[in-house]
Each structure stands twice: as C-alpha cells, then as structure tokens.
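Next come two complexes, and both contain chain A; in the first it sits with chain B, in the second with chain C.
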Partner chain A sequence: MTATITDRGTASGAPSPGRPVRVLSFSQRLSRWDVKLSPYLYISPFFIVFAVAGLFPIVYTAVISFMDWDQIRRSGEWVGFDQYAWILQQPKFWVALGNTFSIFLLSSVPQLILATFIAAMLDRHIRARTFWRMSALLPYVVAPVAVGLIFNALFADNSGQVNEWLGFFGIGPIPWHVEPFWSHVAIATMVNYRWTGYNALILLAAMQAIPRDYYEAATVDGAGPFRQFWSVTLPSLRPTLIFVIITSTIGGLQIFDEPRMFDQFGRGGAGSQWLTITLYLYDIGWGEWNFGRASAMAWILFIIILAIGLINLLVTRSLVRDEGGRGPVLTRAERRAAARARRREARA
Partner chain B sequence: MTHRALRRTLAGVALASVGGLVLAGCTGGNGDGGGDAGGDIELTIATFNDFGYSDELLQEYEDAHPGVTIVHNRAATSNDARANFFQKLGNTGLADIEAIEIDWLAEGMQYSDLLAPVPDDLKGRWLDWKEAAATDAEGNLIGYGTDIGPQAVCYRADLFEAAGLPTDREEVAGLFTTWDDLFAVGAEYKEKTGKPFLDSANSILQGLANQLEETYEDADGNVIATENPDVREMFDTVIEKGVPISAYAGQWSEDWYASMANGEFAAMLCPPWMHGIISGEAPDVTGWDIADVFPGGGSNWGGSYLTIPANGDNVEAAQELADWLTSPEIQARAFANVGAFPSQPDAYEMTEVSDATNEYFNDAPVGEINSNRAAAITVTPIKGPKYFQFHEALNQAVTRVFDGLETPEEAWDSWVTEVSAF
Partner chain C sequence: MAKRGKTVRIRGSRPGFWVYAGLAVVLVASVFPLYFSFLIGSGDASTLRDPNRSWIPGGNFFANAAAVMNDGAVNFWLALWNSIWSSTIIAVSVVVFSTLAGWAFAKLRFPGGPALLAFVVATMAVPQQLGVVPLYVLFSEIGWTGQIGAIIVPALTSAFGVFWMTQYLRQSVPDELIEAARVDGASMIRVFWTVGVTAARPAAAMLFLFTFVTAWNNFFWPFIVLDRQNPTLPVALSLLQSNYFVDYSIVLAGVVLATLPLLLLFVVAGKQLVSGIMAGAVKG
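Right after this comes the complex of A and B.
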C-alpha cells in the first residue's frame, strides 16, 4: 500500500533536487487533499452554475456576433467583424448612445441630490420614523412596467395629467413624446421615482454609522446644521456615495423598462428620440430576429460598460485612498513581494 | 472507508447531482407532456388576444372525441406569442397548435418546412388571398385561416350631422368610394369644424399599402422598396392629404384612446376587430355607425392562422382539431362569440354571420357589411420576411413629419437610409 503510493509519488512528482522526499501514509495524503481540495469543492456549485448560466451565454454571444446567425435553424455563416462594423455605422446606434447618457445624467444627478437630502431629513429626530423610511422605499417595490404604464398615462401629450397641471401655471403643453429632451426628462422622472427612495435608505444607513461625537464636537465649536452637513456628513458619506454612483451608472447604461414602456410601440419613438442602447439591442434581436447583430451590439455595450467601470474604479481609488486609516494601499506586485519575504523569514 | 473519505464521496455525489440539476434546468420545459401511448391525448393550443374559442366550444370537441383533452393557453398580446413562437420553432416546447398573426406570417413563411402542411382536401375552404398568403414556394399551405380584417369605414353619425354631412349609412357609403373623395370630405369637415376627420395618418398608409400587390419586395423576393414609385406615391399621398385631416400619427397611444371617447375625430378606417375596441373604449359615445365601403376597393388588415409545428408529438390529432376549429361552422360561432370575422366564404351564409347586427353601431348589419368588404378584396399583397420592418419604418417616417421633427423630404431620405441597412 505505502510502497505503491511512494512509487506514484516519485513517478509523477519529479521532486526538486536537494529536497528530501517525504513519505506520507494514505490517510495523511487524504487529509492533505481534504485541506487543499475541499474548499474548492464547496464553492464549486456556484462556479458550475456560473459556467452554465453565465459563461456559456457570454461565449455563445461572442461566437454568434461574428456570424450571420439564424436563431431558428441554429446555423450561421461566418462574417468576421461585419456585424460590429454594421452597428458602428448605424446613425441610430450613436443616437441611442447619446440618449442613454442623456437619460443617465438627467436621472442620476437629481436623484443623488434628492436622495441625500431625503436621507438627511430622515436622519433627524422626526416622529413616526419607520413610517417615513418605509414610504421612501415604497416606489422601489412597484414593478418597473407598472411604473411605466402609470407614467405613460401621466405624460400623454394631450390627455396627460402632467400637462394639465402645468397648464394651471400657464406653462404650455409640453410635447413629451416628440421633443428628445422632454422625453428624456419624462423617462428620467420614472427612474427617479423608482430609485430615489432606495438610494436615500442606503445613504441613511451610512449617515447613521457616522459617530455622533463628530456632531457634538461640531456643535460645541458652533457649527450650524448646514455647516455640519457640509463638513461632517458629506465627507463621511463619500465611500457610500461612490458605491451608489457606481451602481446607478451600471443601471443607467442598461436602462430598458422605462423607455420601452414610454409609448405604445416600445421602439424608442419615430425619430429615435428616446431610443436607448438596450432598447435598440432588443429591437434588433427580438424585433428583427437578427441575433448576429444583436450579439455584436451586446459586446459593444459590454465594452462600453467595462470602460466606464474602469474609469469609475480609478476615480474611486484616488478618492478613497486619502480616507486613510487602513495603512498603505499596495499594488499586487508589492503584496506578492511582501508575502515572499514573509515566507523566506518563516523558513529561515 | 474512513470518515473523511465518506464525506468526500458524498460531496462528489452532491456535486454530480448539482451538475445534473443544472443540465436538467437547461433542457427542462422542453418536454411536451402529451402523446401517451394509451390513446389518451393532451392537445395544447396556443392563441393570443381572443380567438373566440370558448371553453364550451372546446368542451364540445372533447365530448365528441373521447380521450382527447385540450389545453388552451392564451397569450395577452400577439407580440408575446410571436416571441414565443420564434424562440421555440424548430426546437421543442411549442404547443401542438400555434396561432400566428398575419403581421408575422411572412417571417414564419421562411420556415414553412418546419410546419405541417394543411391537407390538400381542405384547400379552397378559405378566401383565395387568405390561402395565397400562407402558401410557400412549394405550394404547401401551412396555416389554417381563422379570421380576417376586411376594412370598412366607421363614422360618428352625430358629428357628421353637425357638420352637414349625410348620416344614413348608404349615403355615407357613397361618399368614400375613392381615396380622393375621402380626402375631399375630410378636408371639408376639417374646414367646417376645425377638428380632425380621421383618427390616424398611419391607418391610411396601412389601407393604401394593402391595396398594392408589390410594395417593398417584388414577387421574386427582390427588395424594391426605395425604387418603387408606388411606395413614394403612397407616402406623398399620406403626407399631403392624410396628415392634415388626421388627429394622430399612429394608433394605440394613450391620447388616441382618450380621444376616442371624447369624440375628437369623426371617422375611422375599421376592420371588424376594431368594432369591439371602439365599443369597449367609448361605451358612452352614441352615434357610431358603419358604412359598407372602403376607398379604392377592399383592403384587409389583420387576421390570423393556426399552424402545426411539424415536430410535435400529436401532429395528426392536432390537424384534426385545427380542421374542426377553422371549419365554417365553428368560425361562424367564434364570430358570434367575439366578432372575429371568418375567412371561410361558406360561413357568410350561416345565420350567425349573415344576420349579425351590432347594437352599439346603430344596429349596423355587420355580418353583411363585412362579407361585402371581404368580397371586395381583389389584391393579394406580396409580403416578404422584412415587409413589416419596411412598413414600420415608413410609419415612423410619417410620424416624424406629423410631429414636425422632419420635413417630408427629410423623412423620406432618412427612411431610405434606414431601410437600405436592413
């Protein structure tokens, strides 16, 4: 028993010269494998599911994006980068890209300002606190499609409530479904309705983690509520704000439900006024059944999100680094060097 | 075996079963269920909106065919059904009978080999153009026609009266025999009342397009959209004469629904299935009536087919059911149920159809009117797989002009650019 294992060990292992060959019993070997392999086995279900449900579609999409693909017959012709070239040549694509960023900015900026304000209000001593906090989250629970339907009725050009209300102030009917800018405002309103409360609660949680001593000290120093907000609350919120900004960026670039529900056709308007990238992608895929082009577009979108994610990461790092308190931030190479040095010390 | 080894084996088994589950998840939902050897058959039929195939109707078939159980799934919209159909066609997971709408029939015709053809002895049951649209290059008819949408003109008699126009349905029918007449009456009405005459400009485009044999593609499948003078003429007509008298660019918007109830427009080009929409959306409006006429001859809008995926488990039983469902008798009853107008000429003789009147539309003889409108259709438009992409894009061009986003020439040019990329 032991002999065979030793044989196998020497045959496959080719031990480095100068190192003594250690002879292990089978059970010792088992326990070593247990220590080394078990953790991987325990986490493997996730990775198997990921490989099947995540990695496979990604690779499949990549392959299809180079083909003129017939989804029904599951066959296609290799066309190289033609689909990518086609997408990049479409004026609609660039319009959609512009719309996506416009809607993103129109929704994220007011949303964050409003969320911070609401959070600051909820952080104060008010009556029926839980009630107010839950109310802030309520819109988040409503399904986006339902929000779309409701707002679609509100923002109807002729018969909509919003134009009626604006009429009381003498503001003439706004062509929500005609002018690109106003359609973006209307869609951004739906996004804000849904996400402001959610972000406010995240910011509220961060606010409550700020040590109250800071405020006491500030009060003693004579700082009023506004000064406290600017000099204590906002700086302490920075990491949370960055998290909120990153998630809303990713969500903003993938905006789909709201523009899709904005009119009866769901194709971004007759003049592509509110056509977003994902809406265009969906239309090419499920409207025209051209999955080659849709896949190419999905990859382009992926690269755009990746690029923006990287920019976000760099900005975040430079902002978070001077927060301090956690020691120097090391690069991977520096960490590896440090680990090597520690091992050498331990061996010696 | 040691304790650890046992644990490891168990982990291995667990792992294998997780993998198995995942794989099962990939293929799950594809199993068809039916097709038992014991003679008991479960037939699934998938439709959308409302075909008029009530539970009582299906129960009758079950009673006459012991051992057959029918499961009827209804999708909310034709679009849902379309997505489902094309995602599963050629694979598994489709119902034994799948309903498809004429709007995406052309897309489906590319895959006519994946559908079981209608037996030859049933050919001739449907109107010629209804059959022609669902017949592929090899001469296989792949759809059992259900309903059609022969258009007539619906009008508000009260608004017509106020504008000094005739109100009697026969007299009104005399007003709209040609498109020019319609546009002239519309312009006159607009001048007198200051209100739009028709509901939407794109419904005029729809009516015109369905009167052309070749629009965007010719009989050989060549794309002629941008060179075809008929298309340009149709676009110009809608822009010059249709847009000024229309309330909206397109139908189905919030505003369109709202103004149907408010009486903002006086007439609509309306297929039979629109009757239910009008009476449902504007229950309090009185004065709607139907004139037995359509400008420039007949024009069909909408209608559906039942198809049978060739790789289903119960193709023969499904063919039998589809045959029964689309027989003139049953379609006449479906018409009585929900107003889906039959595509089978024999059904027009049946009392459910011939004697049918619609109370909401001033007791208009809808059966007779629709039969006449169906008979007036002489053109079978050629619709290739991209027909609706072209048409939809042209609709958007009209909308852009309507909304003042582009001049007619700009809208046409951007349409040409857009469709050249298809």
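Right after this comes the complex of A and C.
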C-alpha cells in the first residue's frame, strides 16, 4: 500500500521533461486525488485488521451463541436463546461472576489507595527520581503467567513463604488454595503486584499537573499537609482516578492468567473457589468443546462490561466534551493557514 | 507511608526519611518476588517446602535451567524464538500503521474523520473474549491453529496505538509546517515521511516498547490457538507447571529464564517506559 502512494508521489513530484503543460495539469489532478484518498489509505490498515479480527468475530460470536455448534462439522443448529438460558442456570456461572467481582474489588481498591500514596511519595522532591520510578514500574514487565507461578509458590498452603511470615505474627497457616476468600486475596495480590506501580505513575503524572499555587494558597489559608492532600490533591486527581478505574475494571472483569496459574490444574480450584468468568468460558469452549455456550458466555461478559462502561461514560462526559472541543479549533487554524498559503502562492 | 503527614508534600521542600523508607518498601516489594523465584530456582525439589531454607541462592540454577531448556515437551528455545520474532513483528507493524493512521486523524481533514476516530476509540472497550471463538473457528478453517501467524495477524494494528499517535501528532506538529511542505509541491506521503515520521519518533519508540511488552506477555489467545509443540514463552511456562508441579525449582528456574529478556529490555529502556506511561496519562 505504501508503495502505491510512493509511486503516485514520484509521478507528481517529478514530471517528465517532455510535455510540461499537460503533465502539470495531470500532476495537479493526481495531487487532488492524493489529498482526497491519502487519509483513507493511511487509516485503512486499522480498519481492515479490525474487520477481520474485531468486527467479524463480534458478529459471528453472536451467531454462534444462538447455535448448538459442532466444531468438527464447523456448523451448528439454531437453538435460539437456549445457550444463554443454560449459562444463566448454571450455579457455577454465578459463582464465577461472584469470584470475578470479588477478585476485582480486592485488587482495585487497595491498588488505587496504594498507588495514590506511592505517587504522592514520588511527587516529592526526591533524589534519584528515575531510579525510584523505575523500581515501582519493574513488575509491569513481568508476564502475568510468571507472576502467577511465583505467587503460587509464595502462597503455598503448607509452609509457603507468606504463611511462614504470618507465623512470626502468631497467625496460623491460611489455606490460600482452599478458602474462596483467601484464594481471591492471593490472586488479587498478583494483580496488585503487576499494576500498582503502573497506576502510581499515571497518578504521578496527574499530580505534577496540579498548579503549585493551589498548595501555596492552601498553606496561606492554614491547611496542614493532610488537609492539603485531601482538599487539593485528591479532587484534582478525580478525572485521572476515573480513567484508572475504567481501565482496571475492563481488565479486571476479564481476568484469566493469574487464576489459571494458581494451581497446576488451571480449572479454578476443586470447588470453583477461584473460577472466573473467562476461566469458565475457556473450560466450556476448549474443555467441553461447546462453542455455542462459550459464545453466549462471551456476550454476557461483554454486556456486563458495556453496562459498567456506560456508567463510566455518564461520569466522565465532562472529560470527553473537553477533548472534542479541540477539533474545530484546530481545523479553523488549519483553514486559516491554508488560506494564507494560497494567498502567498497567488502573489508569487 | 507510615506517617501520612510526612509523605504529603509541601512542594519543593526536602522530603524526610519516611519518604525514602516508603519508596524502599516499594523497591523491595517489586524485586522480592523475582529474587524469590531465583532463590527457589537455584535450589532443588525440596527447597520450596523447607522452612529453614537459606536466603542465599543454591548452586542448582544452571542444572534447573538445563532441565527447562532440554525438556522436549516444553520446547523452551522454540518458545523463546517464537516470542522474539512474533513480538517484534507485532510491535513494528503497530508502530507503522498507528503512525500512518494517527497522522491522518491528527493532521489531515477528510469527511468522516472525527467519526472514524471515535469509532477507533470505542473499539478499545471490546473485550478479547468476544472474539476468541470465531477467530478460533476461522483459523482452524484455514489451518492456522498451532501457527504463530494466528497470534500475529489479529495484533497487527491496535486501537490504542492509533489513539496514542493521534494525540501526540496533534500536539507536536504545527499545521503551518504541513502547509509549507504542500505549497512546495510535496505529495501527501512525502509530507508524512518528512514532517510526520520525524515528529512521531519519540512517541513511536514508546509505542514500540508498550506493544512489545504486551505482545510478549500475552497469554489468553496464544494459549487457546497455539499448539503445545509450538508455544510462546508464557504458554511454555504454563506447560512447565503442569509437568513439574512437584519440583518447583525447575518451574521457577524457567520463570527466571523467561523473564530475563524483558528485564534486560527494562534496564535499557525502563526510563522511556516510565516517561511514556506518564505522558500517556496526562492526556487520558
């Protein structure tokens, strides 16, 4: 594709010397097509890949979800909403949904609080700034599968490292792989390990954008450091906090890697203690080879994410409006610049 | 961290001991799990369950690493090679196509542009799970299940990448520069090449890093579509656990081996990753 545009560019850029007048008009015509078509050519790769790997699967998932799919014949019988009804009648589904939300809450709430405090520390006038920032981000490059394996060992039920530490404080061994709640805590810890530093950096960026005057004014008004943090820093962070909440919600509801690696069987525990929706989807799809049910499950998950996304949209609408306002301003500036250029061209 | 009053800034003032203590805790928390996996990975089968084990690494790391590398069922070297080339292709492709599309959305005016950009952003909310069943059906139809191509093709472009480059180019290139180039008779692609690509370089470098890390660590879809004989590193790691769950020293030696390449990348480019996350956040 790039080659085509380059060819055209060469053709218009280097008119053949023989017949200047006709070539000029030809190149002008080319140039007009160039201006009209180029933007669409530039954005087309995204839309082509999205059509294949995004749009087609979404539509086809909907179709398969209404079928009793047979992967060997790669076709299925139409069964209407049966698969959805089946999913919603499974006690396991409701357990998985509960687990997913439990792990999500146990990870995002402490994570945000911790990230805010880490950001506040990084926001100070510290020495070796980059070093500390990098140390917070380090876990982000460790694969979730690797994190899962490491923490699975740390949280071993019998004399695992965590239980050993708890023993120092006189706390008896916790059955991390048996009790649903504790397995959620362990899995949430893996998520927190990987994402707290990342979110701290996002919040740090937002903190650095807060005008210093606010703090000076607050100091003059007699506000102590804690009051300043509560009344100046936190309110200024609100849009960024919402952004972090949205991204961690979308990611958290899809959680798969960490619970999958939490034991060697990868099926969410003997009693589905840490079965999540995506883990269940995988089991139905590639464990039982029931693609109709797996598709129905995927749509149910999507609807849940959409519902939460919609709530988020209502909250963040003010942000979005601000973002859109930049478009027309730029366009007008562009138009003015174009007009100026045209006048200059006419004069020359 | 312990004393709130001290962690909270009066800007510009010299931070106290507690700030450094808090940051040191963060550092230890970041590094400890990695050290722990090296510690167990350098021991033997009994190390994990031994409550009196030493905190100094044992001498078995290379033996355990050799066990991982020579395990025919796990295919470590093939997994490493697959991860390297697939992540590189994905990252290069995402950078190229995102820069092109970002340039068009940020700097070229065309009918439908803003609506299409909104559409691109909206696609970011679509969960991966929604596509896996039909993609699997599609790829088994054309015989790509088990092939690395099946994880590369869907990842060749990214909505986040397009959004990221659009935001960056919109702010960093003055429109006058483009007009001047156009007036001088440069074709659209020439303007993109000379003005756009030059301006996009820093953002492109960060997008490359993000995409590379994400592609390298991706698990769900590769786990579904790839053959156990032709894995990427995360898939190989997941196989290690089911093969060696009784001997965790080998599993965690494998974790160390699989994590090393990205740790090296982090040492080289961690500073850029940090500033990239912070730059992206201001706009988000």
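Simple rule for what comes next: the second predicted complex is superposed on the first by the 271 of 348 C-alpha atoms of A that agree within 3 Å, B and C clash if a C-alpha of one lies under 4 Å from a C-alpha of the other, contacts with A are read in each partner's own complex, and residues count from 1 in each chain.
The definition used in the following text is that contacts are C-beta pairs under 8 Å (C-beta built on N, C-alpha and C of every residue); 3 or more make two chains touch, one makes a residue touch a chain.
Everything numeric here is computed off the predicted structure, so don't read it as measured data.
Asks: Looking at chain A, does chain C or chain B touch more of its residues?
Replies: Counting residues of chain A touched by each partner, the higher count goes to C.
Asks: Just checking: does A:Phe101 make contact with chain B only, chain C only, both, or neither of them? Give me first, second, both or neither.
Replies: A:Phe101: touches no partner chain.
Asks: In the overlay, answer first, second, both or neither for which of chain B and chain C A:Ala270 touches.
Replies: First partner only, chain B.
Asks: Just chain B (first), just chain C (second), both, or neither: which does A:Ser159 touch?
Replies: So A:Ser159 meets both chain B and chain C here.
Asks: Touch test for A:Trp182: chain B only (first), chain C only (second), both, or neither?
Replies: A:Trp182 sits against neither chain B nor chain C.
Asks: Considering only touches as defined above, state whether A:Trp289 meets chain B (first), chain C (second), both or neither.
Replies: After superposing on A, A:Trp289 lies in contact with chain B but is clear of chain C.
Asks: Which holds for A:Arg74: it touches chain B only (first), chain C only (second), both, or neither?
Replies: Both partners, chain B and chain C.
Asks: Please indicate which partner A:Pro91 is in contact with in the superposed arrangement: first for chain B, second for chain C, both, or neither.
Replies: A:Pro91 contacts chain B only, not chain C.
Asks: Which residues of chain A are in contact with chain B in one complex and with chain C in the other?
Replies: Dual-contact residues (chain A): 31, 34, 38, 42, 45, 49, 52-53, 71, 74, 152-153, 156, 158-160, 264-265, 286.
Asks: Going by the contact rule set out above, which residues of chain A touch chain C in the complex?
Replies: Against chain C, chain A makes touches at 2, 5-6, 8-9, 12-13, 31, 34-36, 38-40, 42-43, 45-47, 49-50, 52-54, 56-58, 60-61, 64, 71, 74, 117-118, 120-126, 130, 132-147, 149-154, 156, 158-161, 164, 193, 197-198, 201-206, 208-209, 212, 215, 219, 224-226, 228-229, 233, 240, 243, 250, 253-254, 256-257, 260-261, 264-266, 278, 281-282, 285-286, 291, 294-295, 297-299, 301-302, 305-306, 309, 326-327, 330-331, 333-334, 337-338, 340-341, 344-345.
Asks: Where on chain B does chain A make contact in their complex?
Replies: 2, 4-5, 8, 11, 15, 18-19, 22-23, 26, 83, 86-87, 89-90, 107, 111, 114, 249-255, 258-259, 389, 392, 395-397, 399-400, 403-406, 417-418, 421-422
Asks: Applying the document's contact rule, which stretches of chain C touch chain A when the two form their complex?
Replies: Interface residues on the chain C side: 1, 4-15, 19-20, 22-23, 26-27, 29-31, 33-34, 36-37, 40, 48-51, 97-98, 100-101, 103-105, 108-110, 113-114, 116, 120, 123, 125-138, 140-141, 153-157, 159, 162, 170, 175-176, 179-180, 182-183, 185-190, 192, 213, 216-217, 219-220, 223-224, 233-234, 237-238, 240-242, 245, 248, 251-252, 255, 258-259, 262-263, 265-266, 270-271, 273-274, 277-282, 284.
Asks: List the residues on chain A that touch chain B in their complex, please.
Replies: 27, 30-31, 34, 38, 41-42, 44-45, 48-49, 52-53, 71-74, 86, 89-92, 152-153, 156-160, 175, 177-178, 263-265, 267, 270-271, 273, 286-289
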